[in-house]
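To keep things simple, chains are lettered A, B, C and D as they appear, and every chain counts its residues starting from 1.
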Amino acid sequence: MQTLNAMPWATNFWLAIAGLLLVTLVAGLWRIWRGPTATDRMLAAQLFGTTGVGILLALSQAMQQVALIDVALVLALLAVIAMVAFVKRMQGPSS
Amino acid sequence: MNINFWLPLMVLATSLVSAIVIFIIPDERNILRGAFNLLAAIVKIAIVAGMIVGVYYQQEFETRFTLIGDIDFVLRADALSLLFAGLSSLLWLFTTIYAMGYLRGTPNRSRFFGFFSLCVASTMGIAMAGNLFTFLIFFEMLTLSTYPLVVHKGSKEALNSGRTYLIYTMAGGAVLLLGIAWLHSVVGAFDFAETGVLRDVDASFYPTLQIIFILLIAGLGVKAALVPLHGWLPKAMVAPAPVSALLHAVAVVKAGAFGIVRVIYNVYGVEFAASLQLLLPLAILASITIIYGSVQAIRQLDLKKRLAFSTVSQVSYIILGLALFGPIATVGGLVHLLHQGIMKVTLFFCAGLYAETIGVKKIADLSGAGQRMPLTSAAFTIGAFGMIGIPPTAGFVSKWYLGWGAMEAGAPWVLAVLLTSSALNAIYFLPIVHKLWFGKAPQQWPAEHIPFKRFETNPWLLWPAIITAAFSIGAGLLAAAGWSPLSWAELIAVREYLP
Amino acid sequence: MNLAFDVLLGIALLLCAAGVFYSRDLFRAVVMFIAFGLLLALVWVRLDAPDLALAEAAIGAGLTGVLMIDAVAHLSAKNAHHQGAQFDQTGARPQLWSRILPVFSAVIIFILLLGAIWWRPDAPVSLPDLVAESLPESGVEHPITAVLLNFRSYDTLLEIAVLLVAVVVAMALKPDTSEPEAGNSKDPILHGLSARLVPPMLVVGVYILWAGSYMPGGAFQGGAILAAALVFLKLAGFGIERLADSLLRIGLALGFIVFLTVATSVMIGGRPFLTYPESVAGELIFFIEAMLTFSIGLILFSLFSQAPPPVAPTSSLQGEQDER
Amino acid sequence: MNLIPFLLVIPLAWALISLLLPRLPIGPIALLGMLVQSLATALLWRSVQLHGAERYAIGDWMAPLGITLVADGLTVTLLAITALIAMVCAFYALFYLRSHRHEARYFWPLFWFLLASLNGIWLAGDLFNLYVGLELVTFAAVGMVILSANRQTLAAGLRYLYMALLGSIGYLLGVALLYSAYGTLDMRQLAELIEPNWTTHVAMLSISLGLLVKTAIFPFHFWLPPAHGGALAPVSALLSALVVKSSFYILARLWLDVGADVLPVITAQGFGLIGACAIFYGGFKALQQDEIKMLVAYSTVAQLGYLMLVFPLAAGTAPEHSMLAWQGGMLHVLAHALAKSAMFLSVGTLVLAVGSKKIDALAGISTRIPLSLFAFGLAGVSLMGLPPSGGFNAKWLMLQSAIGSGQWHWVVVLSLGSLLTATYIFKVFRVSFDQQAIDSGKGLVKRAPWGMELSALFLAGLAIALGFAAALPVELLSLPEVESSLMEASQ
């Protein structure tokens, strides 16, 4: 398995970045709960997607796992689909 | 694997196969069904007769194969089983003839005769079962195959009686199963054997064996209508007359009594049972049943109901005879198994005849029926005399031996029971007889169904009654003959007491 | 730092789960669930299971979210027909016990499990070591793929059967006569978006399949991405669900057919069931995986597309939501 | 050539045929497949009977790396009963599905997948493989329940699905714990390694609860009656006869092969207690039903309770009583499978003939559709545990075990349970003998296809015949010594 070389301090650094992003994610959770409109919630979910990509990339550095980049890639590509479904199904054809 | 292996199975098969065939025959094909049914009955009688001769000359008839583990399925013809099998196969023939006449023109005949045959098949199985396990199989099969007969009319009353019947008999079956399973776990698998098989059991098991005995008798006592387990019997009177005849004389009640015989003689052994102090309570219970049944019979105004309580009383004579612990009483009990069957079947045939011909069901309405139906009434009178025990009927023979046996066994109180019972029998039968012959006939019978030219009623119904009545006199008159039921019962008693 | 991150992640996950569970508004619960899926993928990452993270990301982002949004749309469309029916009122107000009981049992289960893990004996057999030992004979380099497609390929075969059964059931539930989706006009924005997004999705799907033989990835993840691409196309208004029925069935079953055929035909050489000849094991596994990817993609997509589309997208949902 | 994989390959292949070639007459083809399947099963049975148990390493990977299939006496017995009942159900379905066109198209693929998964479970020697098998069983079974796709069956099917998935989670959790503690999923290796400790207990508890949910043991039974009562007749038969037994089988295997020594006796008594509750609760509910299929379905709930009595009778008792209990339990599995499938098939015919699911609608049918009613009755005899029948032999063995080990409370349960069964069986008969209903013109019936009546009668006859031939399976079951010595030799 391929690994990235990193110093111990780098591990902590990337973990801190990931943690920070995770905090914004928890903040996004509050927006999902609070709403008030469905669109607010959906947009918060989109934020999750983007932030998730960031966290994954940071973790891939921290944990020295190349495979996580693939996960991030997949997440980035597919995150849009839920949004499309939301637009198509919930908003009606006219909007 | 010779003919002796197959014969017991064939006895069973004659009625089992005929049951299946009859189920398939359409309702309208009366003649085909009747011919087949009678043929099967005659073949069965022939086989049983053959085996009776064989057993007399010490032949062995046994069908055996393993069911599960150490448990075998055993059909065996010994003297005792042939006593019962002979009675059943003989009466099957007459009851079938009677039922064919009785049910003419009513719906669901194929169903009726199918289950009727099944019922007889079960009875045959009970008679020839070689161990308790096999006995149980047919005992439960009997419960199931009689239910459709009890509810045959399909009326609300019949369905309710059917339910009562099931509650009693299924619960009895469960208790019996419990007893058998327990016994099996104490002593393992065993076959019925003359003079019993439990004598060698370790003494520490004696209390257990006593409890098991109570379970077995309770389970069997339901069918034998021992007080207080008799409640289903009067209710089941709603069934058609041939069914009542079957229930009381041939199959159900007798199966219970026969089972008790098996348990006392071939499982525990009469001496061992006596040493466990099991017989005296049983004798007392039987006596109570005898008196109670007679007293109840007096109170009944309906003819069939009175006959039903008379059965409750009479069947316990058999049990009383066994419980007295003595060869003479044994002979009396065993022979009563047969005599009671013949006499009671006669009485039920006649009760059915009265109901069908002139629409009389209440005893009060029977006045003068002897003039309208002399042959029927004669048969009834013979049956009634037999029940009371007036010589020279078969009933006299049984009661004589029972009384003699009681004296021999040192239980004179039984004599008092017998006398009381006979008096009570007379009280509830003689008025009927008196009414029949000396009562004043009404202008109009309640419902005169069948005007017949040559006979007083439908000959299909009449002949069986007359023949069985003749049997009940014959069995009394010729009791000393070598081939009479009495001699056969003596044979059994000798083998039991003098191994 | 590691611990801090994990604790935070755990708390976020629990919050999300609670949000799904206690939300009486269905749509909110669905969005919470999408977020939950993402966090779960992160948890798998932290548990050193990138294969699972990949699968969770592909399924969670591409399929379950869409499926649930679709379901909510179904419900709201259905409820819109009944006057006064509230969108989020699926029943009476939940009883107190029905809220407390799950928490209570969760706590008990948690305690039991904690004990079970705390006092866990050391495994006398180490399967990962055995896998590593036998890896050279398996035909692939990635241990997970070796387990799934070789050591325990029988399990995988049956799992594919499970998927196939699921899609058969979905087909059985579809009414014989289903109308084409209403309002299926091709949206220019979506059309353009799909032209840019679908090709990279397909490429990534194939890449993930290919990567499976030496690193995290494989048929299931690849298939999930493929399915997501198909779902996207359907949402964008391409009528791809109207494949000929028999063709679709063959496509759905292709992976399973190939898998079963290979599994059985190796027995001709006297080998046990599912024993690949060592010389061609790698090639056979890749071939099977490729077919499986294709079929899994179709199966997952079919599970989505077999459902009839919502009757009429409602704006009542929007209005009702805005009132809060 | 070893037959074991073919027991899986044949149904899977036929599943594909029925799925991909729906235009072919897949019903008759299925019957052909069942013949092939039965032949393979019979050959395997014979081989095990002659040579003892067989183990089969899939992919030539030895456990714990690979998955091992095991064919011992119990396995081949269950394989045989599965093939037998499935064949009769398939035959029945040929006639039955004529009136269900839409369902017929998807019935056969699901039927074959179900068969494959059941065979997979009987053969599995690996805990995770069992999980996969359970999943396949669940999906195929749920699919078959909701085939007719009306509101009731959908609701019942979904509830079934959720409960089954819940059960799966419990099972999987336990398996994961066992794996992490002992490093293997192979049941035989696990049996050697397992020790009584907290992890083992939690794992076994979790597994047991999961499997109890899937087996619909009281108080987790509530999903079963609507699912089994609402499905098509051949589906109900397969579900009640075989599917619920699959999870019980795993539970029994785990206790018999793996956990017999590590589990406290109190657990076994607890299992017996819920079994007793199931017997009485299921019986009373069956008595209250006014739809005949629901009556039969609740009867399944009750009958499954008897299976749970095996645990207290077998755990912590003397070896001979333990053996009797296992034999009785397994015989009960067989007897109930035959009787209940016969019952559902005959009820299906009756419902089709009178055009109503109500018990009252059966008034006076005793002479109209006698064969089906007779089949119902014979099956009832076995369920009531009356002799001679498979059900009786099972009850007898259990009674022997209970009396022998002095556990009188289970004797009482066994006895009363049979009486309760009799009450609800005869509830149907009582109605069928109602002559007044015939006279009043009710109970007009259509003719039932002969094939349907015959199928039910055949299975019911087998349930009775098992009363005479019980020695055959019981002897196969009681060959553990032969099995283990052969297994050692093959290593």
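One rule holds for everything that comes next: a residue touches a chain if its C-beta (ideal position, glycine included) is under 8 Å from a C-beta of that chain, and two chains touch if they have at least 3 such contacts.
Here is each chain with its UniProt name: A = Multisubunit sodium/proton antiporter MrpF subunit; B = Multicomponent Na+:H+ antiporter subunit D; C = Multisubunit sodium/proton antiporter MrpB subunit; D = Hydrogenase 4 subunit B.
Not measured: the values here are computed from a predicted model.
Chain C and chain D have Cα centroids separated by 31 Å.
Chain A and chain C have Cα centroids lying 18 Å from one another. Centre-to-centre spacing of chain A and chain D amounts to 47 Å, using the average Cα coordinate of each chain.
The distance from the centre of chain B to the centre of chain D, each centre being the mean of the chain's C-alpha atoms, comes to 42 Å. In chain D, no residue reaches two or more other chains under the touch definition. In chain B, no residue reaches two or more other chains under the touch definition. Residue positions of chain A in touch with at least two other chains are not found. Taken as a graph of touching chains, this assembly forms an open line, each chain in contact only with its neighbours along the path. By the definition of touch given earlier, these chain pairs are in contact: A-C, B-D, C-D. Those residues of chain A whose C-beta lies close enough to touch chain C in the complex are 1-2, 11-12, 15-16, 18-19, 22-23, 25-26, 28-29, 32-33, 35-38, 41-42, 44-45, 48-49, 52, 55-56, 59, 63, 65-68, 70-71, 73-75, 77-82, 84-86, 88-95. Chain B contributes residues 23, 27, 65-69, 71, 73, 107-108, 110-111, 133, 136-137, 140-141, 143-144, 147-148, 151-156, 158-159, 162-163, 166, 170-171, 173-175, 177-178, 181-182, 184-185 to its touches with chain D in the complex. In the complex of the two chains, the chain C residues touching chain D come out as 112-113, 115-121, 123-127, 130-131, 134, 150-155, 158-159, 161-162, 164-166, 168-169, 171-173, 175-176, 246, 249-250, 253, 256-257, 260, 263-264, 267, 271-276. The residues of chain C lying in touch with chain A in their complex are 1-2, 4-5, 8-9, 11-12, 15-16, 19, 23, 25, 27-28, 31-32, 34-35, 38-39, 41-42, 45-46, 48, 50-51, 53-54, 57-58, 61-62, 65-66, 69-70, 72-73, 76, 183, 185, 187, 190, 193, 197, 200-201, 204, 207-208, 211, 215-217, 221, 225, 228, 231-232, 235-236, 310, 313-315, 317-318, 321-322, 324.
Note for the complex: chain D touches chain B at residues 364, 366-367, 370, 374, 377, 381, 384, 386-388, 393, 396-397, 399-400, 403-404, 411, 415-416, 418-419, 422, 426, 429-430, 433-436, 438, 467-468, 470-471, 474.
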